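Listed next: structures, encoded as structure tokens.
Each of the next two complexes has chain A plus one other chain: chain B in the first, chain C in the second.
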Partner chain A sequence: MKAVLSMTLGVMTAIGGFVDIGNLVTSGITGARFGMTLAWAVLVGTAGMVLFAEMAGRVTAVTRKPIFHVVRERLGVRVSLVNAAASTFLNLITLAAEIGGVSLVLQMVTGISYLIWVPLAGLAAWLVIWRMPFQWMENIFGLLGLGMIVFVVALFRLPTDWHALWHQVISPAVPAGQPAPTWWFYAVSLIGACIVPYQVIFFSSGGREEGWTSKSITEMRVNALIGFPLGGLLSLAIMAAAVPVLQPLNIQVSHLDQVALPVASAFGRAGLAFVFVSFFAATFAAAAESALSSGYSVAQYMGWSWGKRHPPSAAARFHLVCLASVIAATAFTLTTIDPVTVTIFAVVLGAAAVPLTYFPILIVANDARVMGQRVNRRWVNAAGTFFLTIMVVVSLVSVPLLIITKAGQ
Partner chain B sequence: MCRRLACVAVLGSCLLLVACAAPVFDDGGYRHAALQTSMAMVSDLASGQLAAQLGLRGNSFPTFTDGNVTDAENDADSVNSTFSSRQPPDARSDALRRTMLQALSDGTSALTDLRVAVRMGDRTQVRKALAEVGKSLKTFDTLQQGLQ
Partner chain C sequence: MTRWDEDEFTANDLLLDRELIDCHGMPAGRVDDLELSDPEPGEPPVLTALLCGPTAFGPRLGGRLGTWWQAIGRRLRLVSGSYPNRIDAGLIDHVDRLEITLLAAREHLDSYRFRRWTEEKIIGRIPGDTT
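For the complex of A and B:
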């Protein structure tokens, strides 16, 4: 019974933890502009996330070492430096976007400019990293993030044309009057929002924080195989809720509060309250996770003591990197660059750099000397290689699309 | 090392260019820019309108309504100034520019009135401002049909 409860909690936190500022923004923008014609991109991104999170989790459970540690041992210091540097850079941009997201939610609730909230959001994220036990952090924010289910329920309250939605999902095409490059740009953004590198780093390092062993593989797989796809479903619900409310009015989403308008239309203030709490939980958890992931990747690469399972004095350099990341990201957000724009850049650059993070995971998970009997099966290798090929194409086109479409205009 | 730095500099410059409004060289390009501007303005007007209507019905919190309407007003202002900065390439485009600028100015003013009314919590004024926003939406609808 205890194991079932633990698994249920794990799945629920994985659902709530999957959605972050990237998913909120890109799903809202694409739903309002392209309907459900880009649902396939969420499905592709989620499938990739599940596949590689499972591999990273399995490597961690079998070797009892975090993923960056194993990658450094297997691929050498120089190759894994590229991996660590790219991940740390992306974590920083993502962290800035998440801190901006937390501040925007607080602006929505209070009406006070988000810039006032930015330093407080950064401070709160650092305090949570410093003081709150790992499982509390994961469970509290993961469960509160589940409030986004209100988007699923809203679909039944709104004048949703289910037939039209389904038709758009199964026969995706660039909608009439919309430029094809922009449609493809947002496809890349949606994939990037689902597979942000920090989530894999956090998932595998979190496994070490929770003391995963080979016996934990079933629990880890349930989290990855059920929790993440249900999180992807929330992204699709946010996208779908925009279709009956925002699309007929030709509203192009450019602010986070516009994403909440469909729920306000369906449930009024009660629905909005759910949105505020779940958006806050999702962005705040992601801020803490991306800051921790910066600490994880640097400390694991350098071979330092790391993790929240140690008191801060025993992992001082790890905590210093987390703190430096929070300060740098807070300072970046305070430059007044629009957090939604930062988010778009973060997910697109994330998509561009994903092969750097995911390729070493595939190599290590396929190494029988490291993994023993838990080495990748053939179909996992085939699926991983197929997905990596897609990601290489995505990484090659992402920056040109960013420039051609002027970041999706 | 120098080559890498040059690549980074080129990429950085490209990313910075993403934020710039490209110049237009003929009437077709100017009409396309006017159409894009019109679509952006419709989005801002409709967003402000929806938020204010939700507020009037009691389906939204005052700060949330205010935030949405203020964002719409700021975006409309930005759309207005971006279009104003474009140089029309010929006399025909200049006529279009005058029509567009009048419509953009009316739309932005309507959103400003809406924001003022929402912040004051004056329901009668909100309704009046919403009527102006509705008129602006119709104007842009007509303009878009002519531009397509």
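For the complex of A and C:
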């Protein structure tokens, strides 16, 4: 019974943890602009995330070494430095986007400019890193993030044309009057929003924080195989809810409050309360997690002690990196750069960087001398290699698309 | 006496970039380079120490970045000279596919200085650090 409870809790936090500012922004924009014609990108991204996280989690459980140990030991000192630098840079942009997201939610609730909230959001995220026990952090915000289910419920309340939505899902095509490069650009951004480097760093390092061993593999798999797809479903619901409300009015989503509009028109204030709490929880947890991920990647690369399971003084340099990341990202957000734009850049560049961490994990998960009987099965390898090819293509087209479409305008 | 899990292996396989774990199970850095010495004339060289720290890491990076890394490391050192921090081969307890375990506690290694500095000057001064 206790095991079932803890698994359920794990799945629920995985659902809440999957959705962050990247999913909110990209799902809202694409739903309003392209209907459900890009639903396939969420499916591809989620499938990739499940595959990647399961492998990374399995490697961590068996070897007790999370992702950046593997990266440095397998790719050598030079390539892995590029890797660690790129990941840390992306973690920082993501962190800035999440801090911006938290502040925008607070602006929606209070009416006070988000810039006032930015330093407070940064400080609060750092306090969570500094003091809050790891599992509290995961559970509290993961569960509150589940409030986004209100988007699923709203679909039944809104004048949703299920038949038309379904048709767009199964026969995707660039909608009339929309430029094809922009459509593809948003496809890349949706994939990038689902398969985020920091989430994999966090998933595998978090497994170590919770003391995973080979016995934890089942629990880890349930989290990844059930939790993440349900998180992907929430992303799809946010996208679908935008279709009947925002598309007829021709609203181009450029603010976070527009993403909340469908729920507001379905349930009014009561629905908005759910949206605010869940958006806040999702972005706030993601802020703490992406800051931690900077610390995880640098400390693991350098061989420093890391993690919230040690008191801060026993992992001093890890905490220094986390603190410096929060300060840098807060300062960056305070430059008044638009958080929504930062989010788009973060997810697209994130998609471009996925192969950097994915490739070494695929190699180690295949190494029978390290993994023993937990080595990749043949079909996992086939799927993993297929997905690597997709991600390399995505990676190659992402930056040109970013430039051609001027970040999706 | 060091225990080696494998009879024959390459430095890349089991030594370089591997994680060092001290006798209390705490991470103690990574192997940045190896020191080999020639015990007797005519004998083959033997592994005498694992080397860590920026002055070992910099040269391995190579290029301008490596030179900078090494230069910064050298300027932050107490002693003059750029010879890296040594972990004597006698302190190696166990080498396996996952990590290298040491016989000493990390507090007693030369490579501990940066961590101690961070702990004493920054992290230890922030309120709420429970030790």
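As a convention for this text, the second predicted complex is superposed on the first by the 409 of 409 C-alpha atoms of A that agree within 3 Å, B and C clash if a C-alpha of one lies under 4 Å from a C-alpha of the other, contacts with A are read in each partner's own complex, and residues count from 1 in each chain.
As a convention for this text, a contact is a pair of C-beta atoms (placed from the backbone, for glycine too) under 8 Å apart; a residue touches a chain by one contact, two chains touch by 3 or more.
Source: prediction; values computed, not measured.
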Let me test your reading of the model: by the given contact rule, A:L320 touches which partner, first (chain B), second (chain C), both or neither?
second
Looking at the overlay, what does A:P311 touch: chain B (first), chain C (second), both, or neither?
second
Contact-wise, after the overlay, does A:V153 reach chain B, chain C, both or neither (first, second, both, neither)?
neither
Once the structures are superposed on A, label A:M108 by its partner contacts, choosing first (chain B), second (chain C), both or neither.
first
Check the residue A:R64 against both partner chains and state whether it touches chain B (first), chain C (second), both, or neither.
second
If we overlay the two complexes on their shared chain A, which of chain B and chain C does A:V77 touch? Say first, second, both or neither.
second
So, A:V370: does it touch chain B (first), chain C (second), both, or neither?
second
The intersection of the chain A residues contacting chain B with those contacting chain C is none
Can you list the chain B residues touching chain A in their complex?
11, 14-15, 17-19, 36, 39-40, 42-43, 46-47, 49-51, 54, 57-64, 66-68, 71, 75
Interface residues, chain C side, partner chain A - complex
12, 16-20, 26-30, 32, 57, 60-62, 97-99, 114-115, 118-119, 122-124, 126, 128-131
Interfacial residue positions of chain A with respect to chain C in the complex
63-65, 69, 72-73, 76-78, 80-81, 130-131, 302-306, 311-314, 316-317, 319-320, 369-370
Can you list the residues on chain A that touch chain B in the complex?
107-111, 245-246, 249-252, 254-255, 257-258, 260-261, 264-265, 268-269, 272, 345, 399, 402-403, 406-407, 409
